[in-house]
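The structure under discussion appears below in the form of structure tokens.
Note that the chains take the letters A, B and C in the order they are written out, and that residue 1 is the start of every chain.
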Amino acid sequence: MRGPARGRWLVGALCIAAALAVPFVVRSDYLLNFLILVLLAAYLGQAWNVLGGYGGQSSFGHVVFFGTGAYASSILQTRFGVNPWLGLPAAAAAGALVGAAIGFLSFRFGLRGSYFALITLAFAEAFRIVANSVPFTGAGLGILIPLNQSAANFQFRDKPGFYYVALALVLGSLAIAWWLERARFGARLAAVRENEDAAAALGVDAFRCKLAAIALSGGMTAVGGTFYAQYFLYIDPSIAYGVGRSVEILLVAIVGGVGTVFGPLLGALALQAIGELTRAWLDAPPLSLVVYGALLMLIVGFLPNGLIGLTALGRRRRRADA
Amino acid sequence: MLEIAHLSKSFGGLAAVRDVSLTVPEGRIVALIGPNGAGKTTLFAMVAGFEKPDEGSVRAFGADITGLAPHRICAHGVVRTFQITQPFAGLTVRENIMVGAYHRVAARAAAARIADEVAQRLGLAERLDQPADRLTVAARKRLELARALATGPRLLLLDEVMAGLNPTEVAEIVAVVRTIAAEGVGIFLIEHVMQAVVSLSDLTYVLSDGALIAEGPTAAIAADPRVIEAYLGHGAAARLARGAALP
Amino acid sequence: MLELSIALPAVINGVMAGAVYALVALGLTLIYGVLHIINFAHGNLLMIALYAVFFLLTLGGVDPYAALPVMIVGAFAAGYLLYRYVIGTLSHGKDQNVLLVTLGLAIVLENLALWLWTGDTRTIQVPYGYTMIDLDIVFLPVTKVIAFVGSLAICAALWALIALTDLGKAIRAVAKERQGARLVGINVEHIFAVSYGIGIACLGAAACFLLPTYYVSPTTGDAFVIVAFTIVVLGGMGSFIGALVGGLIIGVTESLGGLFLGESLGHIGISLIFILILLFRPTGLFGAAR
């Protein structure tokens, strides 16, 4: 490896080592909880990024995958006694399936841009209504996961366990993003994003690309839903399918920087930090959301590349890769 | 080798292409000319899969490609470029060309190698790392060609690739097209710039009002009275022959 | 099962509600038709308008219907300024950005409302709130009838504005061909802001008609967003008639849906219509093919 590349790998390795060491250094439950939420937000943002950033299809209803994953693993657990660790791949499959279905319908009929954003919103809403009305999902009461703390049961007795799972998820999502930037699929997806017709003329099956992207994004997001369910041990239709979470998810990606590897991580950190600060300062939860909304508007208006555009990482993006 | 048989297409009440049949022999450079609005781009669009013909068929290298999706047609070796260039704006020149290269290889390194090679041949080597949306018009045309070339095509459909270029640039692109053809890639080009048509192709088809009105060696076409009338209006051929001034 | 005595009142109620929905959707479709943007803040702007009517009554003693002129003018001004100095500036004219900017605005509005006025639902009491009109087959609250008639009247007035005035002509020109309009000297930025303002003015009027029969809380906007979008997509983006017809259809669907499937599941009818239209006929019933 040449100089700069080796330097980058070294920094990366150090960061990962530092991240692994955190629970040994940080003892405060409050701080660990904060970090876990940051990691979860970063993971979900990165999942959205696969479709929205790399794929160029902004979904406003991503919570539909989140909720599907949460319900899938929770129902399997509470009704069929399936171990929640097994629920993870089940959730991923469910999310990918829902993604493929929505993608198939939307892309088959050529929906893009605003129309696509709207239809994802509608699907999320439809799922929420069904979850709220159907006994299988516990209707309005939701699902309470019985307390049974053990690592084998995906219910850690204390925070570090969840922290490491969340960290693993984030590292996995970073790997996927990195892969997208280097592999043929990612290049084709980018081409479809930039100009679908030109891509088709060059032999790219745009429909299959987009379908794969939404299935991947959906599967990833669903896994996040399972994590949430295991961490908080309770889900209901508004938690699982509420529109607010869709917005949070896309906010992380957009504020951080769409279509980049580290954008969502930065975005999650910034948003959670702002959330904590406003909560401490102003003691009014809605105000942190006001700040989020204002931030979204300002980022779009003045920093379209997101926060990552401010960093060296962002500026270096355009340079040739070794 | 492209065989178009009785191709027709109407938009609403307007017949854009009417019962056109023509052949592009293997490994030749063939030109399609005609006044604006003659239906040339619509014809290309049908061959490349961007429009579905109302009637007729298209065969490429022995296979029926009528009505297939563009990416499938590309798999048959037929690749088109666009009249108004369509670069992948957010990507670099290299990344643009690699998208084409990925049609024949799966590995990144191999695709990058092909991209570098193609860029070299088309004079884009210095711009490989530039974002595609910052290129000049001439460079964009080269990029359009480069991308298509990277897919390893057997037949290139070039839609007015000379448009917007000054005479020097035209000469450069003509040279490039010649080298591509020399490697055995067939070229079917739509052109308005007669300088390019004359120096590149020895077989020309003329389209006017959706129908084929002349075909044959390029030199003969230029003098064909029907062709002159199509471009310059009814009676123009006779006037020219008499040496009178054009209205 | 489909007893007329039960279904008919539901249909009539649906039609009456539908007229108000149509007014809301009209603003949205106008904004889309002229600016080609999807105003995600539409629902929450309606919510703000409802609060305005609420406070005009509770703090200022102004009857909602009497507040109509004030609301229309005020809402127009607010919409104009919002577009001119916030939305237009921040989105730099790109569609994708406008989507996100209006989304951000929606978030800001909803949570400001939540912070300022808490999550409590507010309703108002008006002296005629319980007056009914007896039509034999059904009892109609006079507030709903006023809402119905008033909404249709405003729609008609809006139609007259667009079709008969010079301003309307300019708006139609900009909607059809932005560059061309610029070239003939129309101040396109101004027209954009005016159109947005008119769209919000519709909300101001709708709020006056809606509050006596409904309620307001910070989340009211969310409920209206899907309804408004469904109507606009069903009727056809940018189509006047479409918004009217769509509004009535949705009003009746919601009413009958609630009747047959219950309050909760009834709303799924609207989401389903939305999805189906987007898939099979995205241009809507009356929309122009894009």
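One rule holds for everything that comes next: a contact is a pair of C-beta atoms (placed from the backbone, for glycine too) under 8 Å apart; a residue touches a chain by one contact, two chains touch by 3 or more.
This one's a predicted model, so the numbers in the text were calculated from it and none came from an experiment.
Chemist: Centre to centre, using CA atoms, which chain is the farthest one from chain C?
Modeler: Farthest by centroid: B.
Chemist: Of every pair of chains, which is linked by the largest number of C-beta contacts?
Modeler: Ranked by C-beta contact count, first place goes to A-C.
Chemist: Quick check: how many Å separate the C-alpha centres of chain B and chain C?
Modeler: 50
Chemist: Report the inter-centroid distance (CA atoms only) between chain A and chain B in whole Å.
Modeler: 44
Chemist: Where the CA atoms of chain A average out and where those of chain C average out, how many Å apart are those spots?
Modeler: Spacing between the chain centres: roughly 33 Å.
Chemist: Which positions of chain A touch chain C when the two form their complex?
Modeler: Touching chain C from chain A are residues 58, 60, 105-106, 109, 111, 113-115, 117-119, 121-123, 125-126, 129-130, 132-133, 140, 243, 247, 254, 284, 286-287, 289-290, 292-298, 300-302, 304.
Chemist: Along chain A, where are the residues that touch chain B in the complex?
Modeler: Spelled out, the residues of chain A in touch with chain B are 182-184, 187-188, 190-191, 193-195, 197-206, 318-320.
Chemist: Can you check the complex and tell me which residues of chain B touch chain A?
Modeler: It is residues 48-50, 69-71, 74-75, 79-82, 86-92, 94-95, 98-100, 102-103, 106-108, 111, 128-129, 131, 147-148, 150-151 of chain B that touch chain A.
Chemist: Which of the residues in chain C come into contact with chain A in the complex?
Modeler: 38, 86, 89-92, 95-97, 99-101, 103-112, 114-115, 222, 226, 229-230, 233, 262, 264-265, 267-268, 271-272, 274-275, 278-280, 282
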